[in-house]
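I am attaching a structure below and will ask some questions about it afterwards.
Each chain carries a letter (A, B, C and D) given by its place in the written order, and its residues are counted from 1.
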Amino acid sequence: MWLRTSYDLTFDITVPTPFILMLRPRSGAQQWIAREEYALVPSVPAFEFTDSYGNLCQRLVAPPGTFEVHTAADVLTADYIDQAPGAPFVEIQNLPDAVLSYLLPSRYCESELFGQMATEITSDQQPGYDQVVAIEAWLHRSIRYEPGTSDMPVSAVEVNARQSGVCRDLSHLGIALCRSLSIPARMVVGYLYGLEPMDMHAWFEAYVADRWYTFDATQAVHTGGYVAVGYGRDAADVAVYNQFGPPVYPSAQSVHVQLIEEKGT
Amino acid sequence: MWLRTSYDLTFDITVPTPFILMLRPRSGAQQWIAREEYALVPSVPAFEFTDSYGNLCQRLVAPPGTFEVHTAADVLTADYIDQAPGAPFVEIQNLPDAVLSYLLPSRYCESELFGQMATEITSDQQPGYDQVVAIEAWLHRSIRYEPGTSDMPVSAVEVNARQSGVCRDLSHLGIALCRSLSIPARMVVGYLYGLEPMDMHAWFEAYVADRWYTFDATQAVHTGGYVAVGYGRDAADVAVYNQFGPPVYPSAQSVHVQLIEEKGT
Amino acid sequence: MWLRTSYDLTFDITVPTPFILMLRPRSGAQQWIAREEYALVPSVPAFEFTDSYGNLCQRLVAPPGTFEVHTAADVLTADYIDQAPGAPFVEIQNLPDAVLSYLLPSRYCESELFGQMATEITSDQQPGYDQVVAIEAWLHRSIRYEPGTSDMPVSAVEVNARQSGVCRDLSHLGIALCRSLSIPARMVVGYLYGLEPMDMHAWFEAYVADRWYTFDATQAVHTGGYVAVGYGRDAADVAVYNQFGPPVYPSAQSVHVQLIEEKGT
Amino acid sequence: MWLRTSYDLTFDITVPTPFILMLRPRSGAQQWIAREEYALVPSVPAFEFTDSYGNLCQRLVAPPGTFEVHTAADVLTADYIDQAPGAPFVEIQNLPDAVLSYLLPSRYCESELFGQMATEITSDQQPGYDQVVAIEAWLHRSIRYEPGTSDMPVSAVEVNARQSGVCRDLSHLGIALCRSLSIPARMVVGYLYGLEPMDMHAWFEAYVADRWYTFDATQAVHTGGYVAVGYGRDAADVAVYNQFGPPVYPSAQSVHVQLIEEKGT
């Protein structure tokens, strides 16, 4: 399906503030970026680099005053995410080197603490894809999904204690559970067509049968309509913006995802 | 200045043909990509990756029939390229690791053969930026610039023998001369506003005083208006498309660069 | 000074167990590896790769039975670590891209929670090196250093609550405090000559004045004698071994560091 | 088999001379480095980095006077190189991203010029491993192997014209022929047990059936005993030393490879 996404952010800046933005989606296995817009108002010098996860990041210093960031994209993305019931677990020794770091605990995914729990949740499953489906189903059933944005990310341990969370929180717990079974898992931030209420979204991917598969515990029915913007070990790696110095919060932000006929050339 | 660039390619494909395209410019030190379009007709699955030079590359298999690639961008780029007379040579031991490979000979830049010649061309100069200016001036004076596209890249040795060449050829010789003086040099392909006749362009960058500077031996007067699309050691690394299997040539291609008021949001 | 280090590990393996070892020190800014030994008994196939932090890692599957790992090195390392009182803070916008990830919170360094505390600890200091010295001194004064090895790493928040910890724990708190001031900080594991009791050691580095400096809150007097084996954001990245499947613990391990006349060729 | 390798180099330096050495073998798919020695006399500061091909490189400035480099290793390497008759060609679209650059022409491998010739040499073969065997056999039959060291590398075109060459030259032609068939190929420098006369050696690898295989056109009979030190696109990437400034040549060098009982712990 063809989607038009937009994300607009406004900040009221008081002192020159360094930012690192992660707002430029890349074409990838299941999405093609056919049109993209990215405006900084005022237009300040910005430098782009690729981080160690392959994300395009933009560095800049926002000047005092109103600072706006406007991004938009026309994206061809899959109508249905790929599914692979029965797809096997990949033995550690057969994983690609680049995937190994997604087995380790990270800031918000204390995977070393979830081995027992993950084993119980997946007790009836064959190792691999089906285990992750069981984790996703358990999350959907057990952790109340609260749409909206929390102020700060919380970790898998806290999410499990609270029994509720935003999309990011459910992903953290899902990732921690996967990794505790030696299944590489990573976080994705981006857009989801039809999300209610509309906002930036987060989900997770797990590596089985030699590729990454998409999982999202917030949705009862899985279709497609996902547009990935950033990948990382958890929310610490994939903030759509990191800001340094005295804290600054958006005075306004809006997210839109609409179905379009075809890319807007 | 704000520029709108476009590059359109048409191929008549007879057998399924793997392509690697390098047609997505990135924001960087001196340019900001405010809008970008990239269409494949027909729309085939494409996978994007970052090569070891930091270029965004797209992999796909073009199906038999007419295959079109359309790209366009709105770019804010410098009105004048940075210049730095007197900027010093960087001692090898002080170069960043990532820059060292740009000292070595490469496919079209046989730098190990140009030491004597480079020394003569730059005999009156202080080591560093001024040497590269002397090389650029010598190229402009000595190698006849023939706009247009040659069929195949030729190497620095051949360009020097022919005493003429396209933009790519002059760059190869410039790069070889720089490297023979232990100045890191790399090739850039992209767009130049006002190029006559309009076409994809190539120039080179040299690393002095801890950063890359732009040089272009094809132009008598240096202003700005450069939009970089790809970086590499020479033309072997920065083909805007690489194609595998039986040779396929574009049946049509066009390049446009126009001045715009502001990005087209 | 010339040091001879050795680290020997024995495991009793019951089922084939995948390991990732990080036990090969690299020559670097302040150390030269003149001789190195690395034996696996029994000798199993092992594959080496470089992780995203530049560490050399070895992958293998340990077979059932006794599995031994023996490593040793002769290293020339600095008699005194570099110090730089007054060395300035590097503005975020001037940091190299590769250093930026060391500003973010990580598994055991919840830096986003320590801003207030770090500001108080460093209130009298100029931004940069002197802030890190103040953090190091505060750690040495306030957190009781308990030599030896804890079973599992604990995070900066927990270390701060307990007011005591092993070398790794003090490093985590030091790193979290630095990052909360926007000073990049990373963890180092390795050897320290004269450590009492001898064991693998951990310390941290902070990035000021365009380079990394060594800090170690466990030692009252700083001389040199450090041999780095691995670098990372925190202990999650620099385990000397990661093991997958049912937990396996060393049945024996020993660490030795002795002064030698000269490398043993 | 267990091998002990050594490589000793002496230079008479007149002015401070920057060097980049590539003399530290890494453990890999078919070799394990059990002991390694690396001495610089006099002992000067050296910095180690990993280049974009994964090689460990050492940077230093040699001071005026006699400068010696001594390296040695005990290595467990395969008795027989892996062979895979019939192993299939990998379609371009299925190659890993990291392998793609080994399809492109490089300094000494003008692969774009050898399509016709490679097709003729391999006309009776199935695409893949068997094509490379045919290329290797053709090289062995058609290009006279001249042991020893030439002063400068020559390119595939020149080797083909001369009909003779050193190990490096045969590799360049083999690589160019493979790439012209869209088979990724790369150069390896290292040691070969039993080489007559003993010297540093060079061979090539081709990527078929999802992994790299070893080929060596200089040897009539293929056993094992290979120890790889560096990998690259061709000799320009894998010089065991690169030296900058006025040319300096070794006043002495020696290479030894002997069979040992077991690593010398």
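Structure notes:
By our rule, a residue touches a chain if its C-beta (ideal position, glycine included) is under 8 Å from a C-beta of that chain, and two chains touch if they have at least 3 such contacts.
Just so it is clear, the model here is predicted, and its values are computed rather than measured.
Between subunit A and subunit D, the least number of touch steps comes to 2. Chain centre most remote from that of subunit C: B (centre = mean of CA atoms). Note on chain placement: the centre of subunit B and the centre of subunit C lie 42 Å apart, centres being C-alpha means. Between subunit A and subunit C, the centres computed from C-alpha atoms are 30 Å apart. Remark: subunit C and subunit D have CA centroids separated by 35 Å (rounded to whole angstrom). In subunit B, no residue reaches two or more other chains under the touch definition. Working note: touching chain pairs come out as A-B, A-C, B-D, C-D. Those residues of subunit A that touch subunit C in the shared complex are 18, 20, 49, 51-52, 57, 59-61, 91-93, 97, 100-101, 103-107, 110, 112, 152, 182, 236-237, 242, 244-245.
The touching residues of subunit B, when paired with subunit A in their complex, are 26-29, 32-40, 43, 45-48, 50, 54, 56, 58, 70, 72, 76, 263, 265.
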